[in-house]
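For clarity, chains are labelled A, B, C and D in written order, and residue numbers in each chain start from 1.
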Amino acid sequence: MPMNDNAEFRPKIVAFCCNWCSYAGADLAGSSRLTYPADVKIIKVPCSCRVNPMFILRAFEKGADGVIMCGCHPGDCHYSTGNYYARRRMTLLFSMLDYIGVEHGRTRVEWVSAAEGVKFSATMNEFVEKIKSLGKNVRLGDLRCRS
Amino acid sequence: MYKIAKENLPDLYEAIAETNTLYIPVKKAGQTNFEQWTRSAEVDIKTLKTVKSPKDAFFPQSENLYTCGKEGKKITITLEALTDESFVVFGMKACDVRGVEVLDKVFLAEPVDTFYAARREHGIIVAMACNEPELSCFCKVFGIDCTEPSGADVITWLIGDELFWRPVTEKGEMLTDSVKRLLSDGDDAAVEAKREEISKIVSKIPNMRLSLDGWGRDDKLERFNSPLWEDLYKPCIACGTCTFVCPTCQCYDIKDYDTGHGVQRYRCWDSCMYSDFTLMAHGNNRTSQMQRFRQRFMHKLVYFPTNNDGMYSCVGCGRCVNKCPQNLNIVKVIKAFKKEGV
Amino acid sequence: MQRIGVFVCHCGSNIAATVDVKKVTETALMEPGVVHAEDYQYMCSEAGQAKIAAAIAEKNLTGIVVCSCSPRMHETTFRTCAERAGINPYMVEIANIREHCSWIHKDVEEATKKAVILMRAAVAKVNLNTPLKPGESRVTKRALVIGGGIAGIQTALDIADAGYEVDIVEKTPSIGGRMSQLDKTFPTLDCSACILTPKMVEAAAHDKINIYTYSEVEQVSGFVGDFTVDIRKKARSVDMNKCTGCGLCQEKCPSKKTPSEFNRGLNTRTAIYTPFAQAIPNVPVIDREACIKFKTGKCGLCSKVCAAGAIDYEQKDEIITRKYGAIVVATGFDVIKLDKYDEYAYSQSRDVITSLELERIMNAAGPTKGHLQRLSDGREPKNIVFVQCVGSRCADERGKSYCSKICCMYTAKHAMLIRDKYPDVNVTVFYIDVRTPGKNFDEFYRRAVEEYGVNYIKGQVGKVCPEPDGSLTVYASDLLDNKQLRMSADMVVLAAAIEPSASVRQIATMLTASIDTNNFLTEAHPKLRPVESPTAGVFLSGVCQGPKDIPETVAQAGAAAVKAIGLLAKDKLMTNPCTAKADELMCNGCSQCANVCPYGAISYETRLVMGPGVRENRRVAVVNNALCQGCGACTVTCPSGAMDLQGFSNRQIIAEVDAICR
Amino acid sequence: MQELINRTKELLADGTVARVLGWRRGDLPTNPEPAYFNDGESLSEFVYNGFCGANLSKYMIEASELDGRTLVFLKPCDTYSFNQLLKENRVDREKAYIIGVGCKGKISEASLNAIGIKNVIDVKGAELTDACDTLTIETLTGNTTCAYRDAMLERCHVCRGKEYVVYDELIGDSADTVDGDRFDEVRKIEAMSPEERFAFFKAELSKCIRCNACRNVCPACSCRKCVFDSTKFDSAQKANSDSFEEKMFHIIRAFHVAGRCTDCGECSRVCPQGIPLHLLNRKFIKDINTLYGDFCAGESAEGATPLTSFTFGDAEPGTV
């Protein structure tokens, strides 16, 4: 449900980043001073395969407006196969969220290597814009958490 | 005795809702349950049994008790406000009303549950006689007359194209006064005829003649130790369906929920069928499903009457009979003991 | 309840210019569990660390949050600091308020707000942290090398030279591998045998190296530092201690019709044989399927002529069980089968051969004594056509998608050698691309073209037709001149793709080492850990990991040896404490977690499980801490959450999520 | 049915099995219940007809702990559940003696209610030996008939077939009951707008009373401790105060059984609020089939599941 006063709307966005590629990519974005909105908060996980769908739903429950997961590019996983499992899990989860009517685009997966500071920053800018265009998450939150 | 044409019922709902919150059977996604009335709600007073009993109106499945807030290192506690506005529960059946009387025994006894008491004080029960009792009904076994619900503030009968309306308490009279402009005078004879008609159906339902011999106050240990339980519980999958559709089950759990801007301490229905029911630091006091299964029936048919002057905490509504996933139910339990002569 | 100290770093002005560090510090004091908060110019400095140590001592801190630069910079610094001050290093978490905050945001208010939230998430996590201890496991100071080619030999020599015992397991009767089959090597044209044989001899003579030829790995259990391996020593039927290697038995053996594996089936060998003259050990084996004695019970000629009495028809397979600290896989390669490439007439004409067969033909010890001739009629060929990329860089499923890497160079070598020895022979090479990245490679190729007049044509061969006169007609396209060619040849040499040795699949399964779709063993990291398998303690040497030439193989063999030595040099292994852990009370034993573990770290045991109201024997998952690398794949596969990851537990991550979304 | 009883008596008598897991006659024709029988005598209460919809495979988890073999009656679709449990080491094949019983589609009182037939006192035409095309029903208010298929459970209209994937012996014939495509309903929802989809699932899922019947009956939901009952995730939930918890519970439940759910339909059969829970499971099944190749959980007791395997070229999240 897009809101008219988008300028006012500051989304809450949780980004899960794998320790080996994407977290380092975010570090590179930082050291390269490539800005992206402060709405994005990063949680470090060892590998994208550590991200449980429960974590993503939990974020929405507690009021997140968008959740993004970043991991090593397929084929480059530090643990060799983790992101392949993560990819299947997220594909199915996202498809289910879409199925129950949650706006397409509230969740995203992006593969970001340690060298891709530019990509990390661009992805986050893009994602924040997307969530802003979607507006506040009203379809997945717990009413008790709405202040 | 008053009456109102069925086609005018929406006006009646509207009128009641002007001064009260109105809970009424509403059909949503194919199922009928008591819900707060709105103009767009699809009211369904024809369905005999709502899936859930109306006990939610007095004892909601989940309710907040208080909220803890934090400012710096200071903690504030805000009690949830008690109900202070009147509400009407429209269309409760005789069994459901008895169900509330069972809850009264639990929540109005000392120490009084203030949340419940406030709701009882402000709640007005408009009961409705059962038009077509069903095969799964056995209310008569517990002395309930489904043709004329007792314990309500107003009793209604759906007869032909009219709803007959009889206030029986002061609260009922007051409600009646507030909607009197919509009511006309009714005829007691029509109601008596209807009751007769319903009684005939009741007499055809085998379970209405179920015998409670051996249950009640006297028998405890023998029944408790019966080997029958071991056989009866086996198909039970330990879900909470029977307890959650039951009008008398009163057990609840108290938990905390962190909303991010305060911690809510809430209570929610719990089920004695669950393995974590009354879980304590040392573990559970009932460790097997057999024990949990036995507890449910012993409580309803033995312990509760023992502690409450013979009042059973089953009202024979038959919801559990209809809804048990594996077709177990209290009737089968009663029959099994009868057959074995224990 | 934890007693947490929060330390906010200014990082000079790197953080303090955009984040109100005082505000972050003050807010921290309001967080649950936080009993101390302070800020400082440079937390990572001596003085900064001293502040942390002092606070730990004074306030009895149990957990630390440092709001500073990325944990990739100084997590270790602060963990070490905490450990020195007496608390477990894993009770430290970093809130990254520099790279993830001050450096990318300009607005102070906004950056401060975010820094507070990142601090809060870290505090929420530390509240649930538990002290973690790295495990210890012992190291058996012996290495196993699977495969006795140049990769295996080199690895074994390097490890042995460092002073550790090494066993080589080689499935054929002799070590030496593919390299022993080669004639010359590019780009130096060294004689292959001349440089390989001394290595073989050195390995055989080394007092730390123990060679099991005609043997295979049968079973592997255990984990890094502590593998247990069963080796099947196949019955040789010759007593290795008695045999003098005189060779008389082979001369007398009447069964002479078995195609020689060493010579790629171009000639035959006897039933009792050594694969080649310089074989090590120089002890023959009896091929029981070819041996008349084994087939009919009669003969026994070899036994009669053996003066040493070494022939032992009764010998049985022997299983040797040994413990190893490290395992190096060096199983090498084979040439792909060409039965799906009928267009090249490989099966129809004996004059269509693979490059490896050409090696044998060119070799003085080969079936033609090194004389270049057609196998069909013994004539010397006048026109030779080389076809590149047969099965390499192949789009369809008949071949391999990858480049076999060595073909361009060995073809240039062959062409050059032929033109050198037989200047009147015309040599034509059909290629897709000529790939010559390597020291002196392009120079070598250019010499073939420019000095030796090899005719290189960019194009693909569509068909090779054997003609009634014994010649071969080659139909091809010339892509540069954009025309179809038809030429007559006497011999066609196919640069067939190479593929990992067929046995590698089974070995990979035993080692729980992962393998890619082409059956090459997967390295732990393609860039940074190219000689390690993802399975700890397993290293990769040679072509089993990917196509490579001899110098690369030797280099990788040395690298694998160094990795193995580095492991064997340790007395004990410290294991990463952030490993998965199964709650056996909740575990269903469903095996789903083991299915996704890339390290084979999860096994199942039936054990007595005890808890409130529970006392039963049942199957539960057990994580081997020495193998687990802590990726967490299992934790998500486990529906009940029985499997959790220490240091990144479900509750910890959820606490962070909650703190951020608050 | 007599054939089943006779064979069962033989197997009990010769000691092949120690007990029997089947269905016991209820106090009404419509409510037989799963039950154990320990001797030939007790089999007088045994029943098997159209109302025996319960999937007995999950009870075999407990039965696998008992001494001796348990004879269990499994319908074709139930055998998939059993096989899946076997794959997950939850049941012991050696402890089970499986008689694959014929199935002509299962019916239920709820389905009869839905077509307006209530208070059923007696039913004829639902025995395995019957043709199972028409039901003759005696009710409190009179006699009536209806087409057998009109009383059938949803799952039987999209039945996967008459095959048994695991059994020791077979008794009784099965009938073709399929008259729909099992993904039709999913497709219908997929074709809706996001707003319509949201409204649909909100209406359905908000009916949930968190009774856990769907979970507890599900053969794939066999965790010793469900994540929603455990303290390990801080995710224990019993409240029913707004719609999110139902969403979380049902999405995660469907996700946890994705690639393991055999589509036995028990969740939808038992839901007291009539929530079509199979629509969530089937969405995952459909996605898995589309994205990762046809997969049928329980078809084999070995091999990886779609979520414990992968290919290098899998679809990217959010693109489908």
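Following the convention adopted for this analysis, a contact is a pair of C-beta atoms (placed from the backbone, for glycine too) under 8 Å apart; a residue touches a chain by one contact, two chains touch by 3 or more.
Values in this document were obtained by computation on a predicted structure and should not be read as measured data.
**Q** On a CA-centroid basis, which chain has its centre farthest from chain C's?
**A** Of all chains, B has its centre farthest from that of chain C.
**Q** Given the two chain pairs B-C and B-D, which is bridged by the higher number of C-beta pairs in contact?
**A** It is B-D, judged by the count of C-beta pairs in contact.
**Q** Whole-Å distance, chain B centre to chain C centre, using C-alpha means?
**A** Comparing mean C-alpha positions, chain C is 68 Å from chain B.
**Q** Quick one: chain B and chain D, Cα centre-to-centre, how many Å?
**A** Distance between chain centres: 30 Å.
**Q** Indicate the whole-number Å distance between the mean C-alpha point of chain A and the mean C-alpha point of chain C.
**A** 34
**Q** Specify, in ascending order, the residues of chain A that touch 2 or more different other chains.
**A** Where chain A meets two or more other chains at a single residue, that happens at 53-54, 58, 62-63, 75, 81, 85, 89, 142, 144-145.
**Q** Quick check: what residues of chain B touch more than one other chain, meaning two or more?
**A** Residues 257, 260-261 of chain B touch two or more partner chains.
**Q** Provide the list of chain D residues touching at least two other chains, using ranges where the numbers run on.
**A** 227, 233, 235, 241, 307-308, 312
**Q** Which of line, ring, star, complete or other matches the graph of chains that touch?
**A** complete
**Q** Of all residues in chain B, which touch chain D in the complex?
**A** 28-31, 33, 51-52, 61-64, 134-135, 201, 204-205, 231, 234-235, 237-241, 243-245, 253, 255, 257, 266, 268-271, 274-276, 321-323, 325-329, 331-332, 335
**Q** Applying the document's contact rule, which stretches of chain A touch chain D when the two form their complex?
**A** 53-54, 57-58, 61, 74-75, 81, 84-85, 87-105, 107-109, 139-144
**Q** Per the contact definition, I'd like the list of chain D residues that touch chain B in the complex.
**A** 26-28, 31-36, 54, 58-59, 109-110, 118-121, 140, 203-204, 206-207, 209-213, 215-217, 229, 236, 238-241, 266, 269-270, 272-275
**Q** Given the complex with chain D, which residues does chain C contribute to the contact?
**A** So the residues of chain C touching chain D come out as 517, 583, 585-592, 595-596, 604, 619, 637, 639-642, 644, 650-651, 654-655.
**Q** What residues of chain D sit close enough to touch chain C in their complex?
**A** By the definition above, chain D touches chain C via 88-90, 222-227, 230, 232-235, 256-257, 304-305, 307-309, 312.
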